[in-house]
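Please find one structure pasted underneath; my questions will follow.
By written order: A, B and C. Residues from 1 in each chain.
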Amino acid sequence: MWHQQEIHLPETPRGFHLITNDIARALPCLAECSQGLLHLQLMHTSASLTLNENSDPDVRHDLDAFLRRLVPEGLSYFRHTLEGPDDMPAHVASSLLGTQLCLAIRDGRLALGTWQGIWLGEHREHGGSRRILVTLTGC
Amino acid sequence: MWHQQEIHLPETPRGFHLITNDIARALPCLAECSQGLLHLQLMHTSASLTLNENSDPDVRHDLDAFLRRLVPEGLSYFRHTLEGPDDMPAHVASSLLGTQLCLAIRDGRLALGTWQGIWLGEHREHGGSRRILVTLTGC
Amino acid sequence: MWHQQEIHLPETPRGFHLITNDIARALPCLAECSQGLLHLQLMHTSASLTLNENSDPDVRHDLDAFLRRLVPEGLSYFRHTLEGPDDMPAHVASSLLGTQLCLAIRDGRLALGTWQGIWLGEHREHGGSRRILVTLTGC
(Lines give C-alpha, C1' and ligand atoms only; values in the text may rest on other atoms or scores of the structure.)
Protein backbone atom coordinates (compact mmCIF):
# COMPACT_ATOMS: atom_id res chain seq x y z
CA MET A 1 0.00 0.00 0.00
CA TRP A 2 0.99 3.58 -0.71
CA HIS A 3 -0.64 6.69 0.73
CA GLN A 4 0.42 10.30 0.43
CA GLN A 5 -1.05 13.47 1.94
CA GLU A 6 -0.12 16.87 3.27
CA ILE A 7 -0.51 17.84 6.91
CA HIS A 8 -0.79 21.53 7.76
CA LEU A 9 0.38 22.73 11.17
CA PRO A 10 -0.71 26.14 12.47
CA GLU A 11 1.92 28.77 13.32
CA THR A 12 3.78 28.09 16.55
CA PRO A 13 6.21 30.21 18.58
CA ARG A 14 9.96 29.76 18.10
CA GLY A 15 11.07 26.61 19.92
CA PHE A 16 10.23 22.90 19.90
CA HIS A 17 6.70 21.47 19.85
CA LEU A 18 5.49 17.92 20.36
CA ILE A 19 3.42 16.93 17.29
CA THR A 20 3.12 13.14 17.66
CA ASN A 21 -0.64 13.30 18.18
CA ASP A 22 -1.16 15.78 15.33
CA ILE A 23 0.54 13.34 12.97
CA ALA A 24 -1.25 10.22 14.25
CA ARG A 25 -4.70 11.87 14.25
CA ALA A 26 -4.27 13.05 10.64
CA LEU A 27 -3.55 9.49 9.47
CA PRO A 28 -6.41 7.09 10.28
CA CYS A 29 -5.03 4.89 7.45
CA LEU A 30 -2.17 3.88 9.76
CA ALA A 31 -4.58 1.37 11.28
CA GLU A 32 -4.59 -0.63 8.02
CA CYS A 33 -0.80 -1.07 8.02
CA SER A 34 0.61 -4.04 9.92
CA GLN A 35 4.22 -3.21 9.10
CA GLY A 36 5.59 -0.32 7.11
CA LEU A 37 7.37 3.01 7.02
CA LEU A 38 5.99 6.50 7.48
CA HIS A 39 8.04 9.22 5.86
CA LEU A 40 7.61 12.82 7.00
CA GLN A 41 9.10 15.62 4.94
CA LEU A 42 8.88 19.17 6.20
CA MET A 43 8.56 21.43 3.14
CA HIS A 44 10.59 24.29 4.67
CA THR A 45 14.22 25.28 5.26
CA SER A 46 14.00 27.24 8.52
CA ALA A 47 12.31 24.60 10.70
CA SER A 48 13.12 20.98 11.54
CA LEU A 49 11.77 17.56 12.53
CA THR A 50 13.43 15.38 15.15
CA LEU A 51 12.64 12.57 17.58
CA ASN A 52 13.26 13.32 21.23
CA GLU A 53 11.80 13.07 24.73
CA ASN A 54 8.00 13.18 24.91
CA SER A 55 7.43 13.96 28.58
CA ASP A 56 9.25 16.83 30.30
CA PRO A 57 8.79 20.14 28.39
CA ASP A 58 12.09 21.32 29.89
CA VAL A 59 13.92 19.08 27.42
CA ARG A 60 12.34 21.04 24.57
CA HIS A 61 13.28 24.32 26.26
CA ASP A 62 16.86 23.22 26.81
CA LEU A 63 17.51 22.09 23.23
CA ASP A 64 16.15 25.41 21.96
CA ALA A 65 18.27 27.32 24.49
CA PHE A 66 21.33 25.35 23.39
CA LEU A 67 20.74 26.09 19.69
CA ARG A 68 20.19 29.82 20.30
CA ARG A 69 23.66 29.97 21.85
CA LEU A 70 25.27 27.64 19.30
CA VAL A 71 24.04 29.75 16.37
CA PRO A 72 23.40 33.26 17.71
CA GLU A 73 21.84 36.02 15.64
CA GLY A 74 24.09 38.67 14.12
CA LEU A 75 27.26 36.63 13.50
CA SER A 76 29.61 39.02 11.71
CA TYR A 77 30.48 36.62 8.90
CA PHE A 78 26.88 35.86 7.89
CA ARG A 79 26.04 37.32 4.46
CA HIS A 80 22.43 36.13 4.23
CA THR A 81 20.92 38.85 6.42
CA LEU A 82 18.18 40.44 4.32
CA GLU A 83 15.42 38.21 5.68
CA GLY A 84 16.10 39.19 9.29
CA PRO A 85 18.57 38.19 12.01
CA ASP A 86 16.70 34.98 12.89
CA ASP A 87 16.73 33.62 9.32
CA MET A 88 20.28 32.36 8.81
CA PRO A 89 20.44 30.76 12.30
CA ALA A 90 17.17 29.01 11.38
CA HIS A 91 18.71 27.61 8.18
CA VAL A 92 21.66 26.28 10.21
CA ALA A 93 19.40 24.60 12.79
CA SER A 94 17.29 23.13 10.00
CA SER A 95 20.28 21.31 8.51
CA LEU A 96 21.80 20.29 11.86
CA LEU A 97 18.55 18.60 12.96
CA GLY A 98 17.15 17.70 9.55
CA THR A 99 13.77 18.11 7.89
CA GLN A 100 12.74 14.53 7.21
CA LEU A 101 12.03 11.53 9.42
CA CYS A 102 11.34 7.93 8.45
CA LEU A 103 9.43 6.09 11.17
CA ALA A 104 8.52 2.44 11.60
CA ILE A 105 4.86 1.39 11.63
CA ARG A 106 3.95 -1.77 13.54
CA ASP A 107 0.49 -3.25 14.12
CA GLY A 108 -1.29 -0.19 12.77
CA ARG A 109 0.56 2.36 14.90
CA LEU A 110 3.69 4.47 15.03
CA ALA A 111 6.31 2.23 16.65
CA LEU A 112 8.00 4.76 18.92
CA GLY A 113 10.08 4.03 22.00
CA THR A 114 8.45 4.66 25.38
CA TRP A 115 9.98 8.12 25.67
CA GLN A 116 10.06 9.09 21.99
CA GLY A 117 7.94 11.81 20.46
CA ILE A 118 7.98 13.71 17.17
CA TRP A 119 9.15 17.30 17.58
CA LEU A 120 8.64 20.21 15.23
CA GLY A 121 11.49 22.69 15.58
CA GLU A 122 10.29 26.18 14.72
CA HIS A 123 13.45 28.21 14.32
CA ARG A 124 11.97 31.55 13.18
CA GLU A 125 10.22 34.18 15.28
CA HIS A 126 7.27 34.27 12.88
CA GLY A 127 7.58 31.16 10.71
CA GLY A 128 3.92 30.98 9.76
CA SER A 129 2.07 27.71 9.27
CA ARG A 130 4.16 24.69 8.25
CA ARG A 131 3.43 21.86 5.81
CA ILE A 132 4.54 18.23 6.14
CA LEU A 133 4.28 15.88 3.16
CA VAL A 134 3.57 12.39 4.50
CA THR A 135 4.25 9.20 2.52
CA LEU A 136 3.16 5.85 3.93
CA THR A 137 4.17 2.49 2.48
CA GLY A 138 3.61 -0.94 4.01
CA CYS A 139 1.48 -4.03 4.03
CA MET B 1 8.89 -8.24 0.90
CA TRP B 2 8.53 -6.77 4.34
CA HIS B 3 10.36 -7.88 7.47
CA GLN B 4 10.40 -6.32 10.92
CA GLN B 5 12.28 -7.28 14.07
CA GLU B 6 13.96 -5.83 17.14
CA ILE B 7 17.69 -6.02 17.75
CA HIS B 8 18.95 -5.73 21.32
CA LEU B 9 22.41 -4.33 21.95
CA PRO B 10 24.11 -4.89 25.31
CA GLU B 11 25.14 -1.90 27.43
CA THR B 12 28.21 -0.08 26.14
CA PRO B 13 30.37 2.67 27.65
CA ARG B 14 29.71 6.30 26.75
CA GLY B 15 31.13 6.97 23.27
CA PHE B 16 30.75 5.60 19.75
CA HIS B 17 30.67 1.90 18.86
CA LEU B 18 30.85 0.19 15.48
CA ILE B 19 27.77 -2.06 15.13
CA THR B 20 27.74 -2.91 11.41
CA ASN B 21 28.39 -6.59 12.04
CA ASP B 22 25.84 -6.80 14.87
CA ILE B 23 23.18 -5.52 12.49
CA ALA B 24 24.17 -7.71 9.54
CA ARG B 25 24.46 -10.88 11.67
CA ALA B 26 21.00 -10.35 13.16
CA LEU B 27 19.44 -10.20 9.68
CA PRO B 28 20.07 -13.37 7.64
CA CYS B 29 16.99 -12.37 5.59
CA LEU B 30 19.07 -9.64 3.95
CA ALA B 31 20.40 -12.37 1.65
CA GLU B 32 16.95 -12.71 0.06
CA CYS B 33 16.76 -9.04 -0.92
CA SER B 34 18.29 -8.04 -4.27
CA GLN B 35 17.45 -4.36 -3.87
CA GLY B 36 15.75 -2.63 -1.01
CA LEU B 37 15.93 -0.39 2.03
CA LEU B 38 16.82 -1.23 5.60
CA HIS B 39 15.41 1.17 8.17
CA LEU B 40 16.95 1.29 11.65
CA GLN B 41 15.14 3.13 14.42
CA LEU B 42 16.79 3.45 17.80
CA MET B 43 14.00 3.39 20.41
CA HIS B 44 15.76 5.86 22.76
CA THR B 45 16.34 9.60 23.15
CA SER B 46 19.79 9.73 24.74
CA ALA B 47 21.73 7.72 22.15
CA SER B 48 22.14 8.01 18.37
CA LEU B 49 22.81 6.20 15.09
CA THR B 50 25.12 7.57 12.43
CA LEU B 51 27.26 6.42 9.50
CA ASN B 52 30.95 7.20 9.75
CA GLU B 53 34.46 5.80 9.32
CA ASN B 54 34.78 2.07 9.95
CA SER B 55 38.52 1.68 10.40
CA ASP B 56 40.47 3.93 12.78
CA PRO B 57 38.94 3.94 16.31
CA ASP B 58 40.46 7.40 16.83
CA VAL B 59 37.69 8.83 14.64
CA ARG B 60 35.14 7.50 17.11
CA HIS B 61 37.14 8.93 20.02
CA ASP B 62 37.44 12.33 18.36
CA LEU B 63 33.74 12.73 17.55
CA ASP B 64 32.88 11.84 21.15
CA ALA B 65 35.52 14.27 22.45
CA PHE B 66 34.11 16.99 20.20
CA LEU B 67 30.54 16.44 21.43
CA ARG B 68 31.56 16.45 25.10
CA ARG B 69 33.00 19.95 24.57
CA LEU B 70 30.15 21.14 22.33
CA VAL B 71 27.51 20.16 24.91
CA PRO B 72 29.24 20.08 28.30
CA GLU B 73 27.53 18.91 31.46
CA GLY B 74 26.24 21.48 33.92
CA LEU B 75 25.27 24.30 31.53
CA SER B 76 23.70 26.94 33.75
CA TYR B 77 20.60 27.41 31.59
CA PHE B 78 19.64 23.72 31.45
CA ARG B 79 16.41 23.06 33.40
CA HIS B 80 16.17 19.30 32.77
CA THR B 81 18.71 18.22 35.39
CA LEU B 82 16.88 15.70 37.59
CA GLU B 83 18.09 12.68 35.64
CA GLY B 84 21.76 13.56 36.10
CA PRO B 85 24.28 15.92 34.48
CA ASP B 86 24.86 13.61 31.48
CA ASP B 87 21.18 13.37 30.54
CA MET B 88 20.41 16.69 28.85
CA PRO B 89 23.70 16.69 26.87
CA ALA B 90 22.72 13.18 25.72
CA HIS B 91 19.33 14.44 24.48
CA VAL B 92 21.10 17.19 22.52
CA ALA B 93 23.56 14.77 20.91
CA SER B 94 20.70 12.41 20.08
CA SER B 95 18.92 15.08 18.02
CA LEU B 96 22.08 16.49 16.42
CA LEU B 97 23.12 13.07 15.11
CA GLY B 98 19.69 11.47 14.78
CA THR B 99 18.19 8.17 15.86
CA GLN B 100 17.16 6.62 12.56
CA LEU B 101 19.06 5.51 9.47
CA CYS B 102 17.75 4.29 6.14
CA LEU B 103 20.32 2.18 4.30
CA ALA B 104 20.39 0.77 0.79
CA ILE B 105 20.42 -3.00 0.27
CA ARG B 106 22.01 -4.33 -2.93
CA ASP B 107 22.58 -7.95 -3.94
CA GLY B 108 21.61 -9.30 -0.52
CA ARG B 109 23.93 -7.07 1.49
CA LEU B 110 24.17 -3.65 3.09
CA ALA B 111 25.47 -1.36 0.34
CA LEU B 112 27.93 0.72 2.34
CA GLY B 113 30.84 2.73 0.99
CA THR B 114 34.32 1.27 1.47
CA TRP B 115 34.94 3.29 4.63
CA GLN B 116 31.36 3.44 5.97
CA GLY B 117 30.21 1.71 9.12
CA ILE B 118 27.13 1.97 11.34
CA TRP B 119 27.88 3.67 14.65
CA LEU B 120 25.88 3.55 17.86
CA GLY B 121 26.39 6.73 19.83
CA GLU B 122 25.97 6.04 23.54
CA HIS B 123 25.68 9.46 25.14
CA ARG B 124 24.95 8.46 28.74
CA GLU B 125 27.37 7.15 31.34
CA HIS B 126 25.10 4.20 32.12
CA GLY B 127 22.62 4.00 29.26
CA GLY B 128 21.78 0.33 29.72
CA SER B 129 20.99 -1.98 26.83
CA ARG B 130 19.59 -0.37 23.68
CA ARG B 131 16.88 -1.55 21.26
CA ILE B 132 16.78 -0.98 17.51
CA LEU B 133 13.58 -1.63 15.55
CA VAL B 134 14.56 -2.83 12.08
CA THR B 135 12.24 -2.65 9.06
CA LEU B 136 13.31 -4.18 5.76
CA THR B 137 11.48 -3.70 2.47
CA GLY B 138 12.65 -4.75 -0.98
CA CYS B 139 12.41 -7.29 -3.72
CA MET C 1 8.60 -0.64 -8.60
CA TRP C 2 12.19 -0.70 -7.47
CA HIS C 3 15.12 0.99 -9.18
CA GLN C 4 18.71 1.33 -8.01
CA GLN C 5 21.68 3.11 -9.58
CA GLU C 6 24.82 5.03 -8.74
CA ILE C 7 25.28 8.70 -9.52
CA HIS C 8 28.81 10.06 -9.81
CA LEU C 9 29.47 13.70 -8.99
CA PRO C 10 32.69 15.37 -10.17
CA GLU C 11 35.09 16.86 -7.59
CA THR C 12 33.88 20.14 -6.12
CA PRO C 13 35.60 22.73 -3.88
CA ARG C 14 35.10 22.58 -0.12
CA GLY C 15 31.68 24.01 0.72
CA PHE C 16 28.04 23.36 -0.18
CA HIS C 17 26.77 22.73 -3.69
CA LEU C 18 23.22 22.60 -5.03
CA ILE C 19 22.75 19.22 -6.77
CA THR C 20 18.96 18.99 -7.19
CA ASN C 21 19.17 19.12 -10.98
CA ASP C 22 22.06 16.61 -11.14
CA ILE C 23 19.92 14.12 -9.23
CA ALA C 24 16.72 14.74 -11.21
CA ARG C 25 18.48 14.60 -14.60
CA ALA C 26 20.13 11.28 -13.76
CA LEU C 27 16.76 9.69 -12.98
CA PRO C 28 14.37 9.81 -15.95
CA CYS C 29 12.55 6.87 -14.33
CA LEU C 30 11.12 9.30 -11.74
CA ALA C 31 8.50 10.17 -14.37
CA GLU C 32 7.01 6.66 -14.04
CA CYS C 33 6.43 7.00 -10.29
CA SER C 34 3.17 8.59 -9.17
CA GLN C 35 3.97 8.28 -5.46
CA GLY C 36 7.07 6.91 -3.83
CA LEU C 37 10.31 7.49 -1.98
CA LEU C 38 13.75 8.31 -3.34
CA HIS C 39 16.61 7.32 -1.06
CA LEU C 40 20.02 8.93 -1.53
CA GLN C 41 23.03 7.46 0.22
CA LEU C 42 26.36 9.21 -0.08
CA MET C 43 29.06 6.49 -0.02
CA HIS C 44 31.59 8.63 1.89
CA THR C 45 32.36 9.74 5.44
CA SER C 46 33.82 13.22 4.90
CA ALA C 47 30.98 14.79 2.93
CA SER C 48 27.24 15.18 3.57
CA LEU C 49 23.77 15.51 2.07
CA THR C 50 21.19 17.95 3.39
CA LEU C 51 18.08 19.83 2.28
CA ASN C 52 18.28 23.61 2.48
CA GLU C 53 17.59 26.87 0.65
CA ASN C 54 17.81 26.65 -3.16
CA SER C 55 18.08 30.29 -4.11
CA ASP C 56 20.61 32.60 -2.45
CA PRO C 57 24.17 31.15 -2.61
CA ASP C 58 25.01 33.17 0.52
CA VAL C 59 23.07 30.60 2.58
CA ARG C 60 25.48 27.92 1.36
CA HIS C 61 28.44 30.16 2.17
CA ASP C 62 27.15 30.92 5.64
CA LEU C 63 26.52 27.31 6.66
CA ASP C 64 30.04 26.39 5.52
CA ALA C 65 31.50 29.39 7.38
CA PHE C 66 29.60 28.35 10.50
CA LEU C 67 30.88 24.76 10.33
CA ARG C 68 34.49 25.86 9.80
CA ARG C 69 34.30 27.77 13.08
CA LEU C 70 32.29 25.09 14.91
CA VAL C 71 34.85 22.38 14.06
CA PRO C 72 38.14 24.13 13.35
CA GLU C 73 41.21 22.34 12.08
CA GLY C 74 43.98 21.48 14.53
CA LEU C 75 41.95 20.89 17.70
CA SER C 76 44.48 19.75 20.27
CA TYR C 77 42.49 16.72 21.42
CA PHE C 78 42.00 15.23 17.94
CA ARG C 79 43.97 11.99 17.53
CA HIS C 80 42.96 11.18 13.94
CA THR C 81 45.37 13.59 12.24
CA LEU C 82 47.36 11.45 9.77
CA GLU C 83 45.04 12.18 6.83
CA GLY C 84 45.46 15.94 7.13
CA PRO C 85 44.01 18.74 9.28
CA ASP C 86 40.77 18.93 7.26
CA ASP C 87 39.93 15.22 7.65
CA MET C 88 38.63 14.92 11.22
CA PRO C 89 36.55 18.14 10.96
CA ALA C 90 35.07 16.63 7.77
CA HIS C 91 34.10 13.45 9.63
CA VAL C 92 32.38 15.55 12.31
CA ALA C 93 30.43 17.61 9.75
CA SER C 94 29.45 14.42 7.93
CA SER C 95 27.75 13.01 11.04
CA LEU C 96 26.20 16.32 12.15
CA LEU C 97 24.50 16.82 8.77
CA GLY C 98 24.11 13.18 7.74
CA THR C 99 24.89 11.25 4.57
CA GLN C 100 21.48 9.94 3.58
CA LEU C 101 18.23 11.59 2.56
CA CYS C 102 14.84 10.05 1.91
CA LEU C 103 12.70 12.25 -0.33
CA ALA C 104 9.05 12.04 -1.35
CA ILE C 105 8.14 11.52 -5.01
CA ARG C 106 4.76 12.84 -6.19
CA ASP C 107 3.34 12.85 -9.74
CA GLY C 108 6.63 11.76 -11.30
CA ARG C 109 8.79 14.41 -9.64
CA LEU C 110 10.74 15.18 -6.49
CA ALA C 111 8.20 16.74 -4.11
CA LEU C 112 10.33 19.52 -2.63
CA GLY C 113 9.10 22.67 -0.93
CA THR C 114 9.31 25.90 -2.92
CA TRP C 115 12.63 26.86 -1.37
CA GLN C 116 14.10 23.39 -0.85
CA GLY C 117 17.09 22.06 -2.75
CA ILE C 118 19.43 19.11 -2.30
CA TRP C 119 22.88 20.16 -1.10
CA LEU C 120 26.11 18.22 -1.29
CA GLY C 121 28.42 19.23 1.56
CA GLU C 122 32.04 18.77 0.51
CA HIS C 123 33.99 18.99 3.74
CA ARG C 124 37.49 18.21 2.48
CA GLU C 125 39.86 20.47 0.56
CA HIS C 126 40.39 17.82 -2.11
CA GLY C 127 37.62 15.27 -1.64
CA GLY C 128 37.72 13.91 -5.18
CA SER C 129 34.62 12.75 -7.02
CA ARG C 130 31.69 11.53 -4.88
CA ARG C 131 29.26 8.65 -5.39
CA ILE C 132 25.60 8.55 -4.39
CA LEU C 133 23.70 5.25 -4.37
CA VAL C 134 20.08 5.97 -5.31
CA THR C 135 17.19 3.64 -4.46
CA LEU C 136 13.70 4.42 -5.77
CA THR C 137 10.55 2.61 -4.66
CA GLY C 138 6.98 3.56 -5.47
CA CYS C 139 4.00 2.89 -7.65
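Things to note:
In this text, a residue touches a chain if its C-beta (ideal position, glycine included) is under 8 Å from a C-beta of that chain, and two chains touch if they have at least 3 such contacts.
Here's who's who by UniProt: A, B, C = Secondary thiamine-phosphate synthase enzyme YjbQ.
Remember, it's a predicted structure, so these values are computed and weren't measured experimentally.
Residue numbering shows that chain A and chain B use the same positions for less than half of their mutual interface. Matching the C-alpha atoms of chain B with those of chain C calls for a turn of 120 degrees, to the nearest 5.
In this assembly, the C-alpha centroid of chain A lies 20 Å from the C-alpha centroid of chain B. Of all residues in chain A, those that touch two or more other chains are 37, 70, 96, 98, 102, 137. The touching residues of chain C, counted against chain B in their complex, run 2, 4, 37, 39, 41-45, 70-71, 75, 77-80, 88, 91-92, 94-96, 98-100, 102, 131, 133, 135, 137. Touching chain B in their complex are the following residues of chain A: 35-37, 50-53, 56, 58-59, 61-63, 65-66, 69-70, 96-98, 101-104, 106, 111-116, 119, 137-139.
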